[in-house]
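Both complexes shown next keep chain A, but they swap its partner, so chain B is in the first and chain C is in the second.
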Partner chain A sequence: MATPNVPLWEVFIRSRNGLAHKHVGSLHAADATLALQAARDIYTRRGEGLSIWVVPSNAITASDPTEKGMMFEPAESKIYRHPTFYDVPDEVGHM
Partner chain B sequence: MTSSKWMQVDQMAVANIEVSETPLVLYALRRADDALILGHRLSEWCGHAPAMEEDMALANMGLDLLGQARELYTYAAKVEGRGNDEDKFAYLRDVRQYRNLLLVEQPNGDFARTMVRQFFYAAFADLYWRAMMASSDPTFAAIAAKSEKESAYHLRHSSEWIVRLGDGTEESHRRAQNAIDDLWAYTGEMFAVDDGERGLIDAGIAIDPATLKSRWLKTITGIVDEATLALPKSDWMQQGGRVGSHSEHLGHLLSELQSLQRTFPGATW
Partner chain C sequence: MYTQALNSSDGDDRGVEDVARASQFQARIDADERIEPNDWMPAAYRKTLTRQISQHAHSEIVGMLPEGNWITRAPSLRRKAALLAKVQDECGHGLYLYAAAETLGTSREELVDAMLSGKAKYSSIFNYPTLTWADIGTIGWLVDGAAIMNQIPLCRCSYGPYARAMIRVCKEESFHQRQGFEIMVTLCRGTAEQKAMAQNALDRWWWPVLMMFGPPDQVSQHSDTSTKWKIKRFSNDELRQKFIDATVPQAEFLGLTIPDPGMKQNENGNWVHSPIDWDEFKQVLAGNGPCNRDRLAARRKAHEEGAWVREAAMAYAEKRKSRQLAQAAE
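Our next item is the complex of A and B:
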């Protein structure tokens, strides 16, 4: 159903065992208060969440998908940035 | 097979259960019926709400209320002790055996009317269940502890909508005000007490709803003022739901709610 003139919101949920809020989806709501309630009703029905953030979708500045070559490919050839070239002594145990 | 099945239907279709309405059984049934009927009304919005987000919100509230109804019916059945259960109470009582408030059986109407009905009831239920957490009856106290959180959210959700509808457009204001004017006369019944309930109140099992009225009115007035709406001046109130004298709407609701069990008694899936 079309919801004209009703702003779009992005929803972030922090789960029981999660440390950070994770993006779970979006919804339409007239204002922040109703967006928070709608997020509660849509995205936490199965006990998923302990905390909710809602953010106006138009407040998010996103990278341009057509620029992904320029943005991300230069990092792919630099495997030395991953800390996988060290021998960890047994005594260290789990890091 | 087919013919005997239909014979059975003929015999069973009219069979209402008998209920031994001791004060405690009746008390539990009245609250269970409130929750079931209002929950059913909300379920009628499923797939029809103004937006998908609100569709979910209405269904969520309906399911909260259905859960409350189930616990209260189960407790009524246990106290009554004559083999009835939650399904029999819901599906095999006629309209005159239902004990819910007239308010909750009123038709959904438009979205404003549904929200005003929810608002009037939730503002009461929030106070009621919070008070009932101190009931000397441990089952009621446990049901109250769960229901209170649900009712508190129903109140918040409906309050936010009342403010936005009242202080929204000219049309939403008009619709919200019409709903308040039409439903106001059904609010008095929430605070009424009969002799049987008076005994339960004296025993500490029930609470006196009259003690909630000033706080209820304060909540209602605060939101209605914020919404630039007005409460009617009239204090004449409808009553009858608690003794089975219902408006014409409940029979239609029950014919839908009960149709499957009335047609195919004991059907399961």
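Our next item is the complex of A and C:
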């Protein structure tokens, strides 16, 4: 008999005070409580985190990396969104 | 996680507050720990931050109006593209900030409605008109310059989501000030008429910009607790002074005169300004500035005219969901 699937979860960890949670990997667990415990055991064995989020993997909608050209094209040509595009005379100092 | 866990207030921080928890909370603040959405916090901390962050968000959104006024009339394609990008950024900043405010448990819709009904405030500065192209330069140079002074310390504010939003905002804001200053440099190196236009804009914006930092320290009603909670790290007057000291040499470089003949440099090198007309500030906050009614009317119109888009998007999402359910059932 085939082994039944166990749901997949994505794990996010806040590594330090004040930082945002960052994706660290995924794991399989039957429910959210077990997923949190498993995340602790898998991803924070050396005190890597202050807080953990687990999110069902199927709740994540992702952009298609093979279409990144089209996806991010609008930002490519807009060099005027960067501060270095503007001339501020050296005498004025940092701005 | 934010919406589920936070949109319901569980009541444990309303009413009689647990003294032990409050002192534990203050100890965390004193140790420079960041407070995160799911942490316990005093009701007044939540309320103060909801007010401050949402006002900040409203200011970004309303702030799009005075500058948007000049997009179609920018003097060159370069200037037009830059101004368009800047106004887009302001919108983005408003959205980062609304998202941060929402983590405190008030929904986006409630926050926006409070602004549209006139109940929630936004920065007094956006109730002044942009009469000439030089106003766009002056806004970038001074209004964004003042905003940066205010916002850099907020990157270390005790509330995590607000601090992180401010880091993003500050990174992007630098382009705004530089593009404004570039406009000013160009005008001041231009014809006598262009330079006069730059001076006229400075004359009109200088005092309202100084008011952006808020009432003087002796009368500021929110400062004490905000300082204790490390929401505010510098007082209104300290920030105002820092801003003036940074701006005076820039005006000198441009060859423009700051419209305060009484301004003097003290022995520490700080520029001491003449008294500010706080009655004007009060009038603008009370809704009687030159553009208050226009600004609110423009926001309400945009909100009403966008209603069908919000409805259509929700209806479409519903339709797709039921279609998928029907297909799954087959």
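Simple rule for what comes next: the second predicted complex is superposed on the first by the 78 of 95 C-alpha atoms of A that agree within 3 Å, B and C clash if a C-alpha of one lies under 4 Å from a C-alpha of the other, contacts with A are read in each partner's own complex, and residues count from 1 in each chain.
The rule is short, and it goes like this: a residue touches a chain if its C-beta (ideal position, glycine included) is under 8 Å from a C-beta of that chain, and two chains touch if they have at least 3 such contacts.
Since the model is a prediction, treat every value here as computed from it, not as a measurement.
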Which superposed partner A:D90 touches (first chain B, second chain C, both, neither): neither
Chain A: partner with more touched residues, chain B or chain C: C
Chain B versus chain C as contact partner of A:E67, first or second or both or neither: neither
Which superposed partner A:G18 touches (first chain B, second chain C, both, neither): second
First, second, both or neither for A:S51, with chain B first and chain C second: second
Touching partner for A:A30 - first (chain B), second (chain C), both, neither: first
Chain B versus chain C as contact partner of A:E76, first or second or both or neither: neither
Overlap of chain C and chain B interfaces on chain A (superposed complexes): none
In the complex with chain C, residue positions of chain A that touch it: 14, 17-18, 20, 51, 53, 55, 78, 80-83, 85-89, 91-93, 95
Of chain A, residues touching chain B in the complex: 1, 3, 6, 27-30, 33-34, 37-38, 40-42, 45
Chain A contact footprint on chain B (complex, rising order): 50-54, 56-57, 60, 153, 156-157, 160, 164
Residues of chain C defined as touching chain A within the complex: 1, 32-34, 36, 78, 81-82, 85, 89, 160, 163-164, 174-175, 177-179, 181-182, 185, 249-250, 253
